[in-house]
Amino acid sequence: MAPRDRYAPVDAAVVPRFADVATFLRTVRAEPAADIDIGFVGVPFDLGLNYRTGPREAPAAVREASRVIRRVHPTSGVCPYDLCAVADLGDAPVNPMDKDASLAGIEAFFARLRDLAIRPIAIGGDHTIPTPILRALAKDRAVGILQIDSHPDTLDQLCGTKVNHATFMRRGLEEGLIDPARTVQIGLRGSRFSADDLSYGVEAGCTVITYDDYEAMGRTAAIEAIGRVLGDGPVYVTLDVDGIDPAFCPGTAVPEIGGFTPRDVQVILRSLAGKDIVGADVSEVAPCYDPTGITALTAANMLFELLCVTALAVDRNR
Amino acid sequence: MAPRDRYAPVDAAVVPRFADVATFLRTVRAEPAADIDIGFVGVPFDLGLNYRTGPREAPAAVREASRVIRRVHPTSGVCPYDLCAVADLGDAPVNPMDKDASLAGIEAFFARLRDLAIRPIAIGGDHTIPTPILRALAKDRAVGILQIDSHPDTLDQLCGTKVNHATFMRRGLEEGLIDPARTVQIGLRGSRFSADDLSYGVEAGCTVITYDDYEAMGRTAAIEAIGRVLGDGPVYVTLDVDGIDPAFCPGTAVPEIGGFTPRDVQVILRSLAGKDIVGADVSEVAPCYDPTGITALTAANMLFELLCVTALAVDRNR
Amino acid sequence: MAPRDRYAPVDAAVVPRFADVATFLRTVRAEPAADIDIGFVGVPFDLGLNYRTGPREAPAAVREASRVIRRVHPTSGVCPYDLCAVADLGDAPVNPMDKDASLAGIEAFFARLRDLAIRPIAIGGDHTIPTPILRALAKDRAVGILQIDSHPDTLDQLCGTKVNHATFMRRGLEEGLIDPARTVQIGLRGSRFSADDLSYGVEAGCTVITYDDYEAMGRTAAIEAIGRVLGDGPVYVTLDVDGIDPAFCPGTAVPEIGGFTPRDVQVILRSLAGKDIVGADVSEVAPCYDPTGITALTAANMLFELLCVTALAVDRNR
Amino acid sequence: MAPRDRYAPVDAAVVPRFADVATFLRTVRAEPAADIDIGFVGVPFDLGLNYRTGPREAPAAVREASRVIRRVHPTSGVCPYDLCAVADLGDAPVNPMDKDASLAGIEAFFARLRDLAIRPIAIGGDHTIPTPILRALAKDRAVGILQIDSHPDTLDQLCGTKVNHATFMRRGLEEGLIDPARTVQIGLRGSRFSADDLSYGVEAGCTVITYDDYEAMGRTAAIEAIGRVLGDGPVYVTLDVDGIDPAFCPGTAVPEIGGFTPRDVQVILRSLAGKDIVGADVSEVAPCYDPTGITALTAANMLFELLCVTALAVDRNR
Amino acid sequence: MAPRDRYAPVDAAVVPRFADVATFLRTVRAEPAADIDIGFVGVPFDLGLNYRTGPREAPAAVREASRVIRRVHPTSGVCPYDLCAVADLGDAPVNPMDKDASLAGIEAFFARLRDLAIRPIAIGGDHTIPTPILRALAKDRAVGILQIDSHPDTLDQLCGTKVNHATFMRRGLEEGLIDPARTVQIGLRGSRFSADDLSYGVEAGCTVITYDDYEAMGRTAAIEAIGRVLGDGPVYVTLDVDGIDPAFCPGTAVPEIGGFTPRDVQVILRSLAGKDIVGADVSEVAPCYDPTGITALTAANMLFELLCVTALAVDRNR
Amino acid sequence: MAPRDRYAPVDAAVVPRFADVATFLRTVRAEPAADIDIGFVGVPFDLGLNYRTGPREAPAAVREASRVIRRVHPTSGVCPYDLCAVADLGDAPVNPMDKDASLAGIEAFFARLRDLAIRPIAIGGDHTIPTPILRALAKDRAVGILQIDSHPDTLDQLCGTKVNHATFMRRGLEEGLIDPARTVQIGLRGSRFSADDLSYGVEAGCTVITYDDYEAMGRTAAIEAIGRVLGDGPVYVTLDVDGIDPAFCPGTAVPEIGGFTPRDVQVILRSLAGKDIVGADVSEVAPCYDPTGITALTAANMLFELLCVTALAVDRNR
């Protein structure tokens, strides 16, 4: 049996969507292995937050919500499970009471995936997690970044801590993990700590598209800019769900009104077909503030979007 | 007293909106009778679902939510209660543990309305219900359909069953109840079971406007296409609330992100003024997933939109 | 590695409770096999309900809620995983739109467990499920029953259907699956369809302890009666969570006020140590009416109670 | 057709519990008439509250919740619909923005029922409503009162207003509507405005049983005292749901922890068989704080308890 | 210490956002004083509603939600706390059971602020509150109004009452408090009591932009019209959150589907930079219908928008 | 003005309960000062949890819930505000992303209170917080402890960390802060990590009353034992709300079914009148799992119980 069949998701005609154990998009729960092309990984870490908390429960909630996702993409027609082997690799090891140990554990887990040439799609966890993930994935070569977010995450510190949900972009730039020339931050908005919250990214050479910019230029132009900046090199995509308006994603740690619709994000992610997606995450889902479950549902759908474009990258690179 | 006065809704200045028994839009609860022009009918059937369930509670929830609807349409100025006699006809008979008996009961109830020349506006129930309704209403002549939905409902079967919430369109086309040349499916999106989920409708001759198409062509052009395709013949309108984005309608069985706003649907339904609306339904409301009640509220508002354009049809046909 | 180690639940000190895939009490998800002594089985069936619905989601919700359960019983000191091999066997096959097919599938699944000598602990599903389970487990010899419930489930039919959530006890007695002389119905209360709703069980020879009786005699005497009636033969335990007061279990299909506390039920179940428990179920959890999750939490705890006394039975029968 | 049949509640075997329009206990919605013995009346008034508000929605919510109540009492075997004619009389007229007009409207409505010899069972509304109800019912002769409540409602004023949810008992005593010698206040507890909040009732001659007293004397003794004090004369029963512990009735305006279970209240109300119940109310349900619906469910069950003992009174007085 | 420093909001780097007592935007809770330029005022009044109620809890809920707002505006770069002294002045005095006393108390409180030259930003309370506020603020000179709302609030009465949540605009025009030539009503939509609900404002000379108009003309043109009509004189801004679509603001008394996004309102409010904002309110937040808290969150963000443009007005007028 | 008047809580007859800024029990928000006898302190720390999180929001939620508490105790008649000066001292300093810094900050804050002779009543925060509090309060002399809890909190470590929500009792005993001879642990229950989870406390000399013991001995005997063990020396009371059954306190991090009612805890706390209460905490409230607010309400009431018995201690020690 080919790997892609071995790990194929459960058939809803045999096991109803609501039945049996929940895995990401109903793929097989497997340990990391060389025959896996793309691995979903939960990263239930939430010790990097300075306001509300709760994302430690997101991997479980998104696994449940992803029961509803089917096999084939509605726009591109891609069926990722026909292109490559996709599995649920469980959760990266975290220590719920020890931030440093967790960061080390996450980094080690993703380093193992890098060594196995598995492209990871992570579900956070708070938005601290790109830091340990990039330390693993981008150790040898800086990656371009598409960051969809309401906050720039370029602060130097928060309450005196250097690694938290508001600093991943600055840490990654400082550590040479992120190539600013191939990096886009999009959707930025919301009240700021100081007038220059955004300047670090701009000065470092990133392309910054605030929500105001986005609205002014239109989605098509924004997508064109994203495509141009990201170029042909390796790309890591990070989606903080607070980039999406809280009517669609209320279950998040630091909601900011006036943001993207899920449709916007879907179309942006779909435009990544052809890019060399080497990893991705969907972060900041906080299920305890999500009584209707639509935040987890949105995250699950975004995992599918990310999966489809990553599967195309896998397929192209064989 | 004229029928339209006999069945006129309760006056909120006399009985406050929150008071007394809830009926659809506060109309009189009446048994079907020849002097009624338009009848609201609950169809609390939910045995046709393969994921989440709960629409059996929708007629009750929408009756409650409809307390807030007033008498006059804000855009057209139509007051349907001045044009015709409108009543709440109660719920079609269902057996909560017997799918086939329920389907027969629903069909018989709507056949009775057809015989009385009452134009029904149904509130489901899951999206199985157009099948028995159309078997009653379109027995003698195929109708055009406006289907607002995220799913095409043209599968041949689901888990081996032929009549369920994903097959009404195929059954109706097969049985000659639906005229494909005067049928529009709009809003389709969401991951698919297979790459050709949509092809049946297209090949049968229906006009299919996916959400991607809708966004590309714009609302005005879409409405123009709907008007052209539906033409002058009898039209049945079916609104699956999962056609609307789950931020606006979280309380539904199979939510799909990235869809219509209620505003979109309002404007589309308003464009039906002048069409010969012979029946309609609003389906897939699942109150148990609707903690804020906005799904039921949206459904109630859509009943009023449907009522206004149907009242115009009644008035034109006197 | 001994079977009991092979299937041992995940250690919370290694994988935090909130992390990774959810299985019942964090046991290993395994296919039925001869080296398994006790198997948890989800039965996501809810086509037998005449009021609210939703228990199809209970196995998923209870798996999630059971993340919090530890290894050792607080009163008896029993660690079931030291006594026998316990696994999560997934969900029995159901067809969400076909009641008869589902009943057949459930029966076949439990027949397979019987043939493998696995003692099943089921999580429903609505309270129809003891019927197919007993048809499998009690095919060759009638079992004694401990039914904890607010309703007697001895109706002959409901809306003309014979197998539903209100008839399992009558069907089981009629079919010779249940030994009335070793059967106790406890907790019965709530308004009735007719004055003789309870008489069938009494006349059949079951021991009926209404909630009024329970309060009058006290818990100690009730437990003594249960022990005496159940005797030494094989016993099946069925817990309808509506037996518990809805303040503790709001997430259920047909709530009845004025019932047991979870403490009552814990103490009753603990008294079954020494009985030959051959199977059990916890039914009628409806997660969509359980916004705080305490119903699923209670069910998860009751699974642990049932597991401990069943493990003692396994251990005694080696 | 006898009145009791004319107004008989809908049969759940024909119209499922979840179907059609909701009335109190599924009785017929009728205008007050001389052939009705007992009438349910909604009183959606909530302008008398000094903390949280919302009881204007209670009649609607309790009508919905009462769908689950069956015909026959589980303990007494009474079927009230066999003993007398019971109907849902709609809601007393209130003006949602005018407190005085509402109080006058409520009083007039209940005066009409008194004149028709209909015994009313009201569902509030806040606990102001016994004042206008008693002004109607007890105009000609003082009644005994059973007040189940956490608060004594004997304040002279609240924020300068004399008629509000904390004063009905004092007003009724002052106005000669209440016979203190036949009055019991039970369940009183919770922090107080001043040390003598309770003294007015005691000094007026009422029997005051605090929750401390209740626990000390036991339920049996309390019921004995209630029976003795109420005697044989006309009795009005008022249940403020905050008398019940907020775990069971969270949806209330002023919750007080540490109170009755619904079981306690059921048994107390059942003890009223044989009393001349001339009216009753269940008040202070606030649906907007009741996400699980158990408060409305509890209220609906208590209406059934009150109905059964009132039906016995009707039957005895023919 | 300068007043603007004395009243400066708490620094989140010292006191985390979730910590300590909640005030509006974390400003200092202070009594009205002459050195305060802008004062936030809660107005917990909700006795003017004819449908759902609950806004008395809004000031508390919005204080809590406003913990997340930072110091600097993302688009304009304005830091209001650098421009002027801003404080939380507590709540205007209301009597929860006496409408007239409350209206008098509110008017007196705002008159005191007027006398101290404090520009108030109020958080309602239902949409009755502009009436007493304008009676205080506009006593000496009529103000221009920007009303963002789904309802025109130009009824003459509701259930016979003249001052309530649907009449402030008519009362203000009648009493000469509002200058119609400098007044815009925007966002109007929703079913109407009668065909001429909107005509009063139009005939009085106000500029009425229905939601249909808004969509047709586009946001830029609408903003241009607002700027032109409001002109250079004193402006009062009133935001009824039901002007915003209920997906974004479900927690409101009378939700109307098909409305503004928060983004729309943000951009409109931002366009007021340069106007002489003399007061403002955000009304009709009903926390008990807001389980996700996004309505209160949206209101808190709108307070910040209003604060920034008012601070510019203060700064310009020194 | 006497200190007890200076800090007296707001009068609900002047400022309605729902109005203005929320402080604990409506006392004055003040900085620690020598004229304050008892201080409420929020401790929004939740970095010590291994399952669900969220207690950082508890101080805010309990402040809001405590709006409903009045001035006088219903059973004892004590008005604490007449006996001593009580204030809300704000929240102890925590760093939401740095556990060690938070623990140091909390200890320092409580040391300051000790130096000012203020008796603190803390609201956690997770149940780690007794460790830093006792390090401050019991530095010079060991205290007796009344721990109401479902878990013993005597583990040596959790996931390798020594200070967390499951270890305070062991740390306190090891560090000589707790006098085991005057310590009672009551309410212990729930599944265990190992058979000897409880043995540490027993072997150290604490009095351990499991929930089984409590039920067997009865509340009166348990209270007698508590009184005897605590004796006359200084006592610290710590209430983990998971000691209370989750039907009453669903909003907690690690719920355990089958526990105390709030009534049980009220009566136990009331029995402490006469003890030398030197400090107390109510911990583990997690508002994000508390949709009805009853957990915060219960905690607020328990603060009042603790306040009353502490006020008696203050009064006795003058």
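Lettered A, B, C, D, E and F in written order, each chain numbered from 1.
We adopt the following convention: a contact is a pair of C-beta atoms (placed from the backbone, for glycine too) under 8 Å apart; a residue touches a chain by one contact, two chains touch by 3 or more.
Only a predicted model underlies this, so the values are computations on that prediction, with no experimental measurement involved.
Q: Pick the pair from A-B, B-D or D-E whose contact list overlaps the E-F contact list by over half.
A: So the equivalent interface, with over half the same contact pairs, is B-D.
Q: Compute the distance, rounded to whole Å, between the mean C-alpha positions of chain C and chain F.
A: One centre to the other, that is 38 Å.
Q: From the C-alpha centre of chain A to that of chain F, how far is it in Å?
A: Roughly 40 Å separates the two chain centres.
Q: Touching two or more other chains, which residues of chain B qualify?
A: Residue numbers touching two or more other chains: 16, 18, 50-52, 56-57, 67, 95-96, 158-159, 245, 247, 289, 291-292.
Q: Graph shape for the chains shown, where an edge means the two chains touch. Line, ring, star, complete, or other?
A: Contact map by chain: other.
Q: What are all the chain pairs that meet the touch criterion?
A: After working through each pair, the chains in contact turn out to be A-B, A-C, A-E, A-F, B-C, B-D, B-E, C-D, C-F, D-E, D-F, E-F.
Q: For chain F, which residues are in contact with chain D within the complex?
A: 12-13, 16-18, 67-75, 77, 79, 245, 247-248, 261-263, 266, 291-294, 297-298, 301, 304
Q: List the residues on chain E that touch chain D in their complex, please.
A: Answer in residue numbers: 46-54, 56-57, 95-99, 101, 158-161, 164, 288-289, 291.
Q: If we count contacts the way the header does, which residues on chain B are in touch with chain D in the complex?
A: Checking each residue of chain B against chain D gives 14-16, 18-23, 29, 42, 44, 56-57, 59-60, 63-64, 67, 88, 90-91, 93-96, 291.
Q: What residues on chain A touch chain E, complex-wise?
A: So the residues of chain A touching chain E come out as 50-52, 158-159, 188-195, 197, 210-212, 215, 245-247, 250-251, 254-255, 257-259, 289-292.
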